[in-house]
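Have a look at these structures, which come just after this line.
Each of the next two complexes has chain A plus one more chain, namely chain B in the first and chain C in the second.
This part shows the complex of A and B:
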């Protein structure tokens, strides 16, 4: 196998495919590498940890077809270390030679025949505008759990809703729901649970892309963005019944400027150390935020806000609260509450496509 | 892994400047290029360190470690007391035995409630190692239970070896297998199902009845 390309082409392709590479290789050491295949002037790279697979195609000056597997980390480090310009990659026996200008290195390759054969994507192709989809991912994915002990919660539920698509994620402390009206991807009654890790990678790939093509198989989902293809296993299991958690009405409603609230929470949370919550006191005069950490200090800030309901103080994890407010669109948001122990809802005043449900902290 | 015990001084320049005056210290150079300088105290944190990728140049009692961010660690060796290197091989990763052992104890205590099985014996001895839990199912069949914090292919393989061994015992066979973990990896699920081994995910917090200050949605 032999090819030549610009350094940036190689760096970008190795970087994209390398995002899916297993950290340690696990029980299959070849998975610590990126598979390179040259056919004519097309270079195809694949990285995988078996749960997530990222394939990239790039146009190169091919000088010999073939397949090899390069250790991902070192190949990427070498490519990034090179000056801009032409890079040549050629394999000879169990070594790959990377050269550029007066630099030359040889890397011991991994056995290409041990790299798992990955099937072609299954399912009907549906093309979506990437802008809306990326925005929805940015709003929902952070609410998914990072705790592998509850694997269902590490996924984002994609489900049909009123002729459109709904994305839902929760880590059991907060829940984010985003509707994409008019986006028809799933059959009625069909729901899939996509690992949030894969969607985080997808979010990165969507930056600057115009559209994304989605294929849903029985066990995996494939997203194609220009020359990059991301395939992820779907999570099996039943997502919690989130609908029952969202009350149809709340007795208390606070309306406040989004930016001033973000700034105030950021300032006040500096005194919310060691898992201390930020308290929100709401009454007819507006909103007061308070954080007190024993032996560290305290901070409070008064904000102009419109409040309808009974006087109430409710405490939240400041990071979770910020996560929700930051991704809620519009200049003004509402915070609807029942009492200091029941979930509160953050919404935009301007639209109902996004909802963020947040559990208070007991104080 | 290279371990050097030396009387040395260390100068770091990069995001800030820091100096370690002359003293006897342990300098570790790991296979991936990480360099760490340790004192004879403290459980985990080195006095100074440079994460890989690094470039290490040794010359006349001076080690100069540089990285692509432009940071420089200069180790001046006044006296090298010991200099050894070991090939350590691949690292299987961290196994949190405390949690795993506790998980096993909790499951043993409430075997019927959480697994629907009757416990025969915990740590059932075999010639190839103890089986975490040996149980009887509702139909009287013997079940070997392997408890893991995270169920992966290795756990399935391990349980497969136990089953092969246990099924040679005419008093026990047929013996079926069950992999119990806080989470079971997709590949392990496929392999377990393929080998007729049941797998179950359990919630550690629920098992220990942990009460959190945090309120949850569900």
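This part shows the complex of A and C:
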């Protein structure tokens, strides 16, 4: 196998595929590597930890077809250290030579025949504008759980809803729901649970892209953005009945400017240390934010707001609250509440495509 | 070196002395307090028992072999805690700077009390008299410039046991300013805090026998032999340096309970039941101190004493029994109990004040453990600890509620083996 390309082409390709490489030891040693395949003038790179696989294609000057697996970390460090310009990569026996200008290095390769073969993507291909999809991911993915002990909650549910696509995630403390109307990706009754880790990688890849092609199969989901293909294993199991969590009506409704609320929460939360919450006191005069941490200090701020309902004080984890308001679209948002122990909902005044449900902190 | 104003007060054979007040007929005889069962350990031994080589932390079965005539008493932790509270109150009447280390010892900083009570050695004598007057118990006091030397000094002040009889100690040992190294260097190197069997073996290769031998070595040599951090620490101690202050309010870093079984358990089902019980008591204690914690740790000791711990950190602090039990049971799933489990423990770390609790959707849907926990606490406050207990803690004899200090030294001989029917 032998090819030549610009340094930046190699750095970008190794970087993209390398993000799926298993960084935890213990799995197959070959998975610490990136698979390179040259066919004609096309270089294909693949990194995988068996759950997540990222493949990249690049056009190079090919000088001999073949396959090899390079240790991901070393190959990427070497490529990045080079000066801009032409790089050539060639394999010889169990070594790969990377050379550029007067620099040359030989790297011991990993056994290519042990690299897992990946099946062709299954499922019908649907192409979406990447902007909307990226925005939906940004709104929903942060609400997924990071706790591997509860695998179902680490996923994002993709499910058909009124002829469109709905994305749902919850870590059992908050719930984010986003609808993409008119986007028909799944059959009626077909839902998939996509690992949030894969979707975080997808978010990075979507930056600057124009469209994304989805294939949602039975066991895998595949996303294609330009020359990059990301495949992830789906999470098996039943997602909790999230509809049952959303209260049917809210007696109290606060309407407040989004930016002023974000700024105020950021300021006041500086005095909410050691898992203490920020309290929101709502009455006819508006909204007051208060944070008090014993032996540290306190902060409060009054905000103009419209409030309909009974006078109420409710406490939230400020990070969870910010996660919701920051991704709610529009200039004004509503916060609807039942009481100080029931879920509260954040919505945009302008549209109903996004909903963020949040449990209070009991003090 | 600084003025000597640090006192270490150590009660003499505390648990045994307290027992002897209730059973004066046993005075002068070898008495052992601790676990009386096969798996018990010695918590305290009278000086008469010590003369036979019995010491605390020794398995009770070995103590029996060493002195078949010894009288074994089960520990009464609650009573000792009560007496200890009264002793600590006596100490606090001399200075507010009292740092209890356990039920029977404490550090005091009397630097600010000297104007009122005289020089530190005089205060030490006064404390001995006051404790004796108030409780009829003797203690030994070390006086020195820092905690480490004060503790060694109180050890030097202790009574000595031999088969010929107990020789009374000095009661108060003062390490005079300027004479610290004269006191310290002849002591065996094991006297240093942090010298266990492994370190001792390494130091032995360097021909280090006394603290003075150690102090004579360059710091680098010590670090190379026993590791960087430990080496630095030992080198400082060997020169009598210890800058720890007396801290009257040391916040607990973790709260937990553990249970040693009379017979090894081999199934998760039995262990889960124990975990529910231990989690319930741990939660009750957290709430009593108005604390909640984020990291739950499960400790498992197997029949061969191999001990493992498994932890999980939660996004939000918890203080309810069911919340702690849920995590402990999940952690138990990663442990294979088949070889036989001798002890399980549950503890909670990363403690925070206040009971701020992030509610979850499951609590919105079905019941709220905070409300239930409050109800449990008020029922227990009125009707006693075993008035309410988790369902799985009920046996034929009613509920078994874990209390602080229960079978701290192993299950008692009288306790029936607990196996599921």
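Quick note on the criterion: the second predicted complex is superposed on the first by the 362 of 363 C-alpha atoms of A that agree within 3 Å, B and C clash if a C-alpha of one lies under 4 Å from a C-alpha of the other, contacts with A are read in each partner's own complex, and residues count from 1 in each chain.
Just so we're on the same page, a residue touches a chain if its C-beta (ideal position, glycine included) is under 8 Å from a C-beta of that chain, and two chains touch if they have at least 3 such contacts.
In this text the structure is predicted, and so the values were computed from the model without any measurement.
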item	value
Fit-or-clash call for chain B and chain C when the two complexes are aligned on chain A	clash
Touched partner set for A:50, first chain B, second chain C, both or neither	first
Which superposed partner A:77 touches (first chain B, second chain C, both, neither)	first
First (chain B), second (chain C), both or neither touched by A:151	first
Touching partner for A:233 - first (chain B), second (chain C), both, neither	first
Which of chain B and chain C A:262 touches, first, second, both or neither	neither
First, second, both or neither for A:276, with chain B first and chain C second	second
Partner chain(s) touched by A:294 [first = chain B, second = chain C, both, neither]	second
When the two complexes are fitted on chain A, the stretch of chain B hitting chain C, from 59-67, 77-85, 167-175 or 203-211	203-211
Shared contact residues on chain A - chain B and chain C	149, 170, 172-173, 175, 240, 245, 317, 341, 343, 359-362
Touching residues on chain A, where the partner in the complex is chain B	24, 26-27, 29, 50-51, 77, 81, 148-151, 170, 172-175, 233, 236, 240, 245, 317, 341, 343, 357, 359-362
Residue ranges of chain C in contact with chain A within the complex	294, 312, 315-317, 330, 352-365, 368, 370
Complex contact set, residues of chain A against chain C	147, 149, 170-173, 175, 240, 244-245, 274-277, 294, 315, 317, 320, 341-343, 359-363
Chain A partner contacts - residues on chain B that touch it in the complex	53, 68, 90-91, 93, 150, 152-154, 182-187, 189, 201, 203-204, 213-218
